[in-house]
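Each of the next two complexes has chain A plus one more chain, namely chain B in the first and chain C in the second.
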Partner chain A sequence: MFRLIITRVFLGFATLFAVTLLIFAATEILPGDVASAVLGQGATPDTLAAFRIELGLDRPAYVRYLEWLTNALQGDLGVAMTNKREVLDTITPRLYNTLFLAGYAAAIAVPIAIILGITAAINEGKWIDRAANIVTLGAISVPEFFIAYILILVFATNLGWFPSLSTVYSDMGFWQKIHVVALPALTLTMLVMAHMLRMTRASVLAIMSQPYIEMAFLKGLPRKRVILHHALPNAAAPIISVVALNLAYLIVGVVVIEVVFVYPGVGQYMVDGVSKRDLPVIQACALVFGSAFVLLNTIADILAILLNPRLRHPR
Partner chain B sequence: MAIQNSFKNPPLSAKIGMVTLSVFIFFAIFAPVIAPYGEAESIGKTWASPSSEFLLGTDNIGRDMLSRIMFGARMTLGVATACTLLSFLIGITMGLLAAVAGKILDQILSRFVDLMLSIPILVFALMILSMFGSSLFTLIITIGVLDSFRVFRLARSVAVNIVVTEFVEVARLRGEGLWWIMTREVLPNALPPMIAEFGLRFCFNFLFVAGLSFLGLGIQPPFADWGGMVRENGRAIAFGIPAPLWPAIAIGLTTISVNMIVDWILSLNARPSGASAEM
Partner chain C sequence: MEDFSKKLKDAELLATRSGGSRRDFMQLAIMTGLSVSAASAMFSKAEAAETPKKGGTFRIGMEGGSATDSLDPRTYADSVMIAASLAVYDSMIEFDNAGNPTGALLESWEARPGAVEWIFNVRQGIKFSNGKTLDADDVLYSIGIHRGEDTKSPAKGILEQIIDIKAVTPSQISITLSSGNADFPVILGDYHLIVVPNGFTDWENPVGTGAYNLASFEPGVRLVFENRGDYWIEGRANFDRVELLNIQDVAARTAALQSGQVDAVNRLDARTVDLMTGNNALSIVRTKGTGNRFCFVSRVTSPGFENKDLRLALKWGIDREKIINSVYSGYAVPGNDHTLDAFNPYYNTNMPQRAYDPDKAAYHFKKSGLSGEITLSTSEGAWGSAVDCAQLYQESMSKAGITLNVKKESADGYWDNVWLKEPFCAVYWGRRLSADQTFTQVYGSGSDWNDSDWRVPAFDRLVEEARVELDEVKRKEQYFECQEMIAEDGGMVCFAITDYLDGYSSKVKGVQPHARYDLDDNRIASKAWFA
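Right after this comes the complex of A and B.
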């Protein structure tokens, strides 16, 4: 088991390395380099060449990649093209904000989704299962901004409970922040909860169809006991990986929601960077999202290994 | 459960789905004929409320919302369909090739796809669109290619089980070529599960295009498209005007309809194991 985990951690680092390569390749090696993308069609060959030298684009790609990677590893993410500020200085508070929003949503979504998912699986085919099925299918079928606007219309415009724009400052108190960020957090919660609930339900049902569960039923145990003592301990591993996977989804899901609520997070920064073609910003944000995604996926796999009873004892 | 839903008699949910989807497709095809006003015609006040003149009110620069939704159906449905077709073309070809052409190619393709899926698809798309700008062409190619990795996984997992059957072995022994085995032996047997998958991938791409347009990075004005319309009218919601909700409802109705049809198809032929439609 220990070896498996070490392998998985190593694989995680390898993936991370590959992700940096991919980010660099997607933004720098594809035809039509940054200089022409930034300057647009009106650029003369002279200004193009000067700009290329200014950006260091006249050097070979692998040199630029190594330089970018070592700088990024040392915490130097470059300087934003549009406002000439250090990307790191801008991205750090924004990353904190994004993690705050994601953590907020996760704190609500995870317990509710697991409890409801298990309840739905236990009551398969009954009204609570059907209701959960319809509601979650609805939530994952509509775009996230639809949920966001409905929530704004009801809770901000009509009831006036929460602000419709989530502007936060660094010197804001914790509870004040909780109040201001409530609507984006609620939107994210709806989305992630729907995915998580469906996956939890599916993984519990997958276990319910195993032979040993059938055996437990056949020997006359009451349904409640079979579920609590036979099914759930085995369902823990898949449920925990479901949670970790959905947290990875949450990290990316923030992008659109941050834009809707004008929340100063990494997602909004990236969308801003993309519309202004600010390359260092795009690379840095992609790096942040990519690393978070790889990290959470690795954690999901490691937890699955740790929780798998069959791998707990060395053979 | 599966038996009562015969092919000729779809359940109510699937019927509702088909009707709704047909309405939107009808809008998309006949928009210029049936729309009461033009696509870019500014004819009223900003955000006029629904009336007999403008059934769904007007948008941020006084264009008729209903006409915009009809025209928007063209772009939104069209681009999502084009992306999905492209992604299936690439994904199925590569997936079958990986399953039929032997271990080495399979390993190369599969590891490559694993790598491409290690970055969230939205982040990847944002990077590429920022470099190429989002013309309709780059948009379709980008989403089609990125989505094809997921199609590849399903196509390969389905095809791997078909490749080991006797009739494929017979075809190999008969001396048929790679292309023949892929298209004549494996493809027809791999298609049934892929049909439901087509619906699910369509929903994903559809929401993805709408999301990108909403961020201002997808389909560009002057074309009307539902995601972009939500973006243009977003500020209205703070005044309690439901303008951005109409296109958003159109998006939601489309995905729910396709999902209901897919559910019915899935109940007809069971999904292959190991295939995941999530995300």
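Right after this comes the complex of A and C.
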């Protein structure tokens, strides 16, 4: 089992390395460059050339890759080409914001989704099963900004319970942040619930058709006990991996929500970086997103290995 | 009757927010049926309530910022940083609401005949936020950072005409140009040109002469300013604190204004702004026709389009009113086939507005002797609604018996692959600083951006003459003629110029439509005040 885990961690690092190569290659082939994007209509061949040399864009790509990689490994993400700020200084508070929103949404969504999923499995075909399915599927069947605008209209404009702008600042207290970020967290909750709920329900039900479950029933155990003690531990792996996927989504896939609620997360930073062709910013954001994805998936796999009864008690 | 009271309320609002001139007010009021004397008395009453009050925290929600913003003026490209810059720094030249240059830190100027040599007087007794007193060297340095071999300033191009610049005395600057330019003060009003102390380089901690000090700056998120007291323009710098929030999404801006989280927003959506006009807690300031100029441009050197009658058919065959009403919900003014807007002092007011006339279009098309389809290249990459506009154009042309083939191009790379290459395509132009810049950059023979490829020596000569003409009457005649030449002979169908739409909470006073930019020339932080 330990070998399995170590292999998995090693694979995680290998993936991350591949990701850095991909990121660098992708930013290299972006059409246009930072000089012309920043200077816009004011660009003349002279100013363009001056800007390019200042930014070091005249050196070969592999040199810049190795330099970037070694610096990034030492925690130096470079300086933004556009406003000359340290990327690390800008991205750290934004990453904290992104994680705060993701954590907030996950803290609501994950328990509800798993409990509802199990409840739906226990009550397969009954009204609670159907209601949970209809509501969550309905929520993901409309675009995320639509839910966001509906929530803003009802809770911000009409009722005035929550602000429509969810911008958080470093001088805000924790509970104030919880209040300000309520609407985006709620929107995200509605977006990720369906996937986790359906997966929980499906994996529990899949286990239910196994012979050992039948055996448990034949022993005379009540349905609830069979599900919680016999089915659920064996269904954990797919549930954990779908939770991890959704957590990753909450971190990397929420740029639309960030725009609608004016939330200063990493996604908005990356979009701004891309539109200005600010390579260090794009690379840093992509690296953060890539790491989040790899890290969460690795943790999910390790947890699945640890929780799997057959791997825990090898014969 | 409801319409009447609505209009009257609008007119009154306009006067109380010192929104319009007496003339604007009278026009509106008289439209509602009031007598002239009654309207005049009402204006005086509404205007009398006007002394700016001090105090309060003013929150502005703006589009046009990014996480990559910086307070270095050589990087400015959009509204948020322009507005932020004008809160902390001062410009050399300001513009009045009609768009004429007025003195700011350069308080007055004088040109020698020929407009080659200029003398500018530096305003005296102005202090920077670090205590230094403003002198000519500060202005020289502030212009100098945009010049020279290795600068990357977007203002480098417009300052290339300077061949010599020096301080004559600590309060006077002399500038010599490579050739005459009567509009030169306007050039110094470009938004990149703000004044910092001589030798200043620490853009993270700006030092300016502006109304406010920068308290905090998170690029793409928020700028906070605090009043530094004792501003040199009476009636300005009225707030204790100003917060400038980046809100890129128009629906988010609208919701923030409606729910009272901000006091002012820029760039409202023309499609939804009518829903807000009924709300008494809000007011809308509309600056008519100073935004983007939307055009379909034909290259007059391409086969077919070298025929002047075909170009006239293209101009008569577009239904400007219909496009403006259905695509821009009425929040645009018709273009008159050139890119100068009505706020420009040299806008040709004698030239009749070209309207839709399918008969004339058919007549000119027949006279051109051409037949078959005309292909128009368009794309969402040109501007968001360019395809819609082209389809309405196609419809109005078909009523004149002309077949317009609308070809949708890829949005990515539109400006590289279609513009300046296809014989007839969708283009938008922004406002230029002056009539001279407009004519030189858009229609001048020497311009790389002359997208209609209309290169007429007589026109170039006229523009050159006007550039050095210091007699305003003569100059106006020359510019009027320029516009007539373009509209009559050129290859551009300029059909609409959009409005700027600002939204304010009704307690905000002191803002009015401005010829240059929205939010009262982006100087809202220093101009506005709370009732």
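In the analysis below, the second predicted complex is superposed on the first by the 276 of 315 C-alpha atoms of A that agree within 3 Å, B and C clash if a C-alpha of one lies under 4 Å from a C-alpha of the other, contacts with A are read in each partner's own complex, and residues count from 1 in each chain.
The criterion applied here is as follows: a residue touches a chain if its C-beta (ideal position, glycine included) is under 8 Å from a C-beta of that chain, and two chains touch if they have at least 3 such contacts.
Small disclaimer: the values here were computed from a predicted structure and weren't measured.
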{"item": "Touching partner for A:Leu137 - first (chain B), second (chain C), both, neither", "value": "first"}
{"item": "First (chain B), second (chain C), both or neither touched by A:Ala156", "value": "both"}
{"item": "Partner chain(s) touched by A:Phe146 [first = chain B, second = chain C, both, neither]", "value": "first"}
{"item": "Touched partner set for A:Ser164, first chain B, second chain C, both or neither", "value": "both"}
{"item": "Contacts of A:Glu214 with chain B and chain C, given as first, second, both or neither", "value": "neither"}
{"item": "Touched partner set for A:Val259, first chain B, second chain C, both or neither", "value": "both"}
{"item": "Partner chain(s) touched by A:Asp89 [first = chain B, second = chain C, both, neither]", "value": "neither"}
{"item": "Partner chain in contact with A:Ile23 - chain B first, chain C second, else both or neither", "value": "first"}
{"item": "Contacts of A:Ser275 with chain B and chain C, given as first, second, both or neither", "value": "both"}
{"item": "Intersection of the chain A residues that touch chain B with those that touch chain C", "value": "149, 152-153, 156-157, 164, 259-260, 273, 275"}
{"item": "List of chain B residues in touch with chain A within their complex", "value": "115-116, 118-120, 122-124, 126-133, 203, 207, 210-211, 214-217, 227, 230, 234, 237-240, 242, 244-245, 248-249, 251-252, 255-256, 259, 278-279"}
{"item": "Residues on chain A engaged by chain B in the complex (per definition of touch)", "value": "15, 18-19, 22-23, 26-27, 30, 32, 34, 37, 137-138, 141-146, 149-150, 152-153, 156-158, 164, 195, 198-199, 248-249, 251-252, 255-256, 259-260, 270-271, 273-275, 277, 279, 282, 285-286, 289-290, 293-294, 297"}
{"item": "Chain C partner contacts - residues on chain A that touch it in the complex", "value": "31, 35, 38-44, 46-47, 50-51, 54, 80, 82-85, 90, 93, 149, 152-153, 156-157, 160, 163-165, 167, 169, 259-262, 264, 268-269, 272-273, 275-276, 278, 281"}
{"item": "Residue ranges of chain C in contact with chain A within the complex", "value": "61, 66-70, 72, 75, 77, 149-157, 203, 218-222, 245-249, 251-252, 255-256, 258-259, 261-262, 412-413"}
